[in-house]
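What follows is a single structure, and I will ask about it in a moment.
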Amino acid sequence: MLFHVRMDVRIPHDLPAEQAAEILAREKAYSQQLQQSGKWRHIWRIAGQYANYSVFDVKDNAELHEILSGLPLFKFMQIEVTPLLRHPSSIREDDS
Amino acid sequence: MLFHVRMDVRIPHDLPAEQAAEILAREKAYSQQLQQSGKWRHIWRIAGQYANYSVFDVKDNAELHEILSGLPLFKFMQIEVTPLLRHPSSIREDDS
Amino acid sequence: MLFHVRMDVRIPHDLPAEQAAEILAREKAYSQQLQQSGKWRHIWRIAGQYANYSVFDVKDNAELHEILSGLPLFKFMQIEVTPLLRHPSSIREDDS
Amino acid sequence: MLFHVRMDVRIPHDLPAEQAAEILAREKAYSQQLQQSGKWRHIWRIAGQYANYSVFDVKDNAELHEILSGLPLFKFMQIEVTPLLRHPSSIREDDS
Amino acid sequence: MLFHVRMDVRIPHDLPAEQAAEILAREKAYSQQLQQSGKWRHIWRIAGQYANYSVFDVKDNAELHEILSGLPLFKFMQIEVTPLLRHPSSIREDDS
Amino acid sequence: MLFHVRMDVRIPHDLPAEQAAEILAREKAYSQQLQQSGKWRHIWRIAGQYANYSVFDVKDNAELHEILSGLPLFKFMQIEVTPLLRHPSSIREDDS
Amino acid sequence: MLFHVRMDVRIPHDLPAEQAAEILAREKAYSQQLQQSGKWRHIWRIAGQYANYSVFDVKDNAELHEILSGLPLFKFMQIEVTPLLRHPSSIREDDS
Amino acid sequence: MLFHVRMDVRIPHDLPAEQAAEILAREKAYSQQLQQSGKWRHIWRIAGQYANYSVFDVKDNAELHEILSGLPLFKFMQIEVTPLLRHPSSIREDDS
Amino acid sequence: MLFHVRMDVRIPHDLPAEQAAEILAREKAYSQQLQQSGKWRHIWRIAGQYANYSVFDVKDNAELHEILSGLPLFKFMQIEVTPLLRHPSSIREDDS
Amino acid sequence: MLFHVRMDVRIPHDLPAEQAAEILAREKAYSQQLQQSGKWRHIWRIAGQYANYSVFDVKDNAELHEILSGLPLFKFMQIEVTPLLRHPSSIREDDS
């Protein structure tokens, strides 16, 4: 089941640089592991913004929340979730 | 080059039903032809809304506009475009 | 799987009264059938508004969209969907 | 009498971790006690957000405010209240 | 129990003048009857707007909705309801 | 002359508790003195919010501003003012 | 007593041209009469918009509303009122 | 003196096609004449929208308004004006 | 050439009181000097807000920006500028 | 390929003055180098605001993001990007 997610990152400017770097390293590893498992299907950078559009493929709402709330950057993010489904005009078999 | 597009459809309630049906049939054919060409990479229905999130792969802004303004439903749509690029954490080679 | 849905109804003032009455009768029957099946778990009127908050229990996003887009009033509604999950503090076994 | 409540939690990032943990423990106990009394009828987590939708069953506006302003997290919350009533299409006797 | 209500009136410009006049006459009678009963405690015109702020004193949410949805102008109004309670600094015995 | 005022209070979480308590005590005394003089006609708590709706009866805009800017909590408040007048349907002689 | 008023005009495109012209002629006469009386102190066109910023000098809220609701264009306007007072830094004696 | 202008066009769907075509032809001629005179410095289409960003070089606010309000599409446009000036980091002599 | 300006002041609550007082004294002197020169034509306090509406008479956009960005409170202000011109209904010779 | 970019700068008031000055000096040098290369085509100050409207001419979305995210002020900016294309009424050969 697919979900569209927008994530905007707001790191407080007074967060120590080493602490920020450590969180970002964990964030990247966490994201890539989920991409390899197939649950985080797409991630695109939004031009000019510290933000991304992503598409997740999970079994239900609870799994989606578990993944998102486990993001190392979660407390510095504003997240917006939109449930998706196959579009009647779509020709891609695997986009539903 | 990728663009994220949200389309919201608002068909006036006093548009004759046959006219609406004819436009919708052309819209579907137009969309599927662009999907087959690879330019309209993804299209997902947004749950509960007469709307979709799409991803386009075009050579430049002008081609994107030509495609969008040529949509049979264009004058009944509200469209929002966001330029995308490869995310530094992405593991998919073809998502850029 | 639970979804929170807000529905705001806007019936155009120039819609003939009989046509409106017929749609509303179908809407009520449609809603009650889904309530009896257990898929439309809750529906509450919002005080002072022609609107409701509802909770749906469906197997996935596609089923939710099928139900909502089948509403006789669908084209006169503005609909907002929010995916829900069990709250970690909840004591109700069946609220997830 | 039913009220729909949305609560968004914003804990300042510089609040000491022990202090936050202590408040959250009190919050959970407070919520569960009210759920057991029947006054806090439903609480659902919103997917991807540090937020919940709840339904309260109280005798009047004053009791609702007393409960909400007594939340241990109250000063870190943004709260939105909507008065509800039985929907004319509802088939549940106890949803009013 | 008190509720704060804002009503904004939007009468379509193509509504026949006699029809509008007849609705407005019924609206005034309806409002004055509820004021005399004590349920519609206050009504003030907002300067420069076809709108009012009102305070209602009703026994519950259902009675408030019954009153508001019975307004002759209801379908031409945008209504916003806010539940009120006695303020801890208030010195008026009857404002709760 | 009547004015409708909404006040939302936002006390910074790092304000020392004694300082906050001292300001709140002065706020209450200030408000009650103005209520007794008749200038602060109504004050209601908004359910679930650290906010109030009030009605002031003052001789002009300048007096209103003098009262509001003198509130001990003024610098921690967001204030919205709306000028009111007697509603043509009102039956209360003293509500204008 | 001074009030700042913004007026945005939205004339429906299907209003007959003669009817629009007749309303606009009455609007201009009405405005100039009030300017000559001193009650409509300033009126400026906003560049690029069918809108104006105005300043009124009236004895109270009721007089302001009487003037604004009497505008021939009133039902095609969106109006926003802000009460003003003398600024403590002002050097103009007559701007209060 | 430079002004940044955004124009969004909303042509009513029930405007007869010939009437729309005639207005659009006049709009194009009007725009090109102003571009040739140097007053309408830039005009860019916004991708996916029936809208443009433009930059005007005029002698004052009044001339800008005269140009914009004379647009054949003026009554079907939403226009937003922002005054510009030379940026302290600019290296272009003629961009002020 | 006239411009309408709204200024909202937000002084951080942790700014030392002496520093704030010194800035405010400079702000007042700066404003009064510009009023005496005729460039700052009007300044009105907005009732209930730490904000003002002002009208400036300057020779171009650059002079307006130089004045506004030189305000001692500039970095604690949110400023909104609207270009004005003579209204066709205005009877005041000097309001253009 | 052209992009319209709005940048709003918000420097925290507690950032040390020397640190701010050093960032601003680097920002200016960075901007001027990109202007000389032709990639940053236009930059205009917005009157009364610490903000600019700019037009970039880059080969794709990725290059645009690389430039914007490399701005020394990037973490203190709010940035909004809009893809542009040649307007069908444009007479300038080099504006596409």
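Note that the chains are named A, B, C, D, E, F, G, H, I and J in the order they appear, and that numbering of residues resets to 1 at the start of each chain.
Here, a residue touches a chain if its C-beta (ideal position, glycine included) is under 8 Å from a C-beta of that chain, and two chains touch if they have at least 3 such contacts.
What you see is a predicted model; the values in this text were computed from it and never measured.
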item	value
Result of counting contacting C-beta pairs for G-I and A-C, higher pair	G-I
Rounded Å distance between chain F and chain H, as computed from the means of their C-alpha atoms	46
Interchain centroid distance [CA atoms averaged], chain C/chain D, Å	22
Geometric centre distance via CA averages, chain J-chain G, whole Å	39
Shared interface positions of chain F, touching two or more other chains	2-3, 45, 47-48, 61, 64-65, 81-86
Pairwise chain contacts, counting only pairs that touch as defined	A-B, A-C, A-D, A-J, B-C, B-H, B-J, C-D, C-E, D-E, D-F, E-F, E-G, F-G, F-I, G-H, G-I, H-I, H-J, I-J
Touch list for chain G against partner chain I, complex	2, 4, 27-28, 31-32, 35-36, 42-48, 52-53, 55, 82-92, 95
Of all residues in chain B, those that touch chain C in their complex	11, 13, 45, 47-50
Touching residues on chain C, where the partner in the complex is chain B	3, 5, 12, 15, 61, 64-65, 68-69, 75-76, 79-81
Chain F to chain G touching residues, read off their complex	1-3, 60-62, 64-65, 81-86, 96
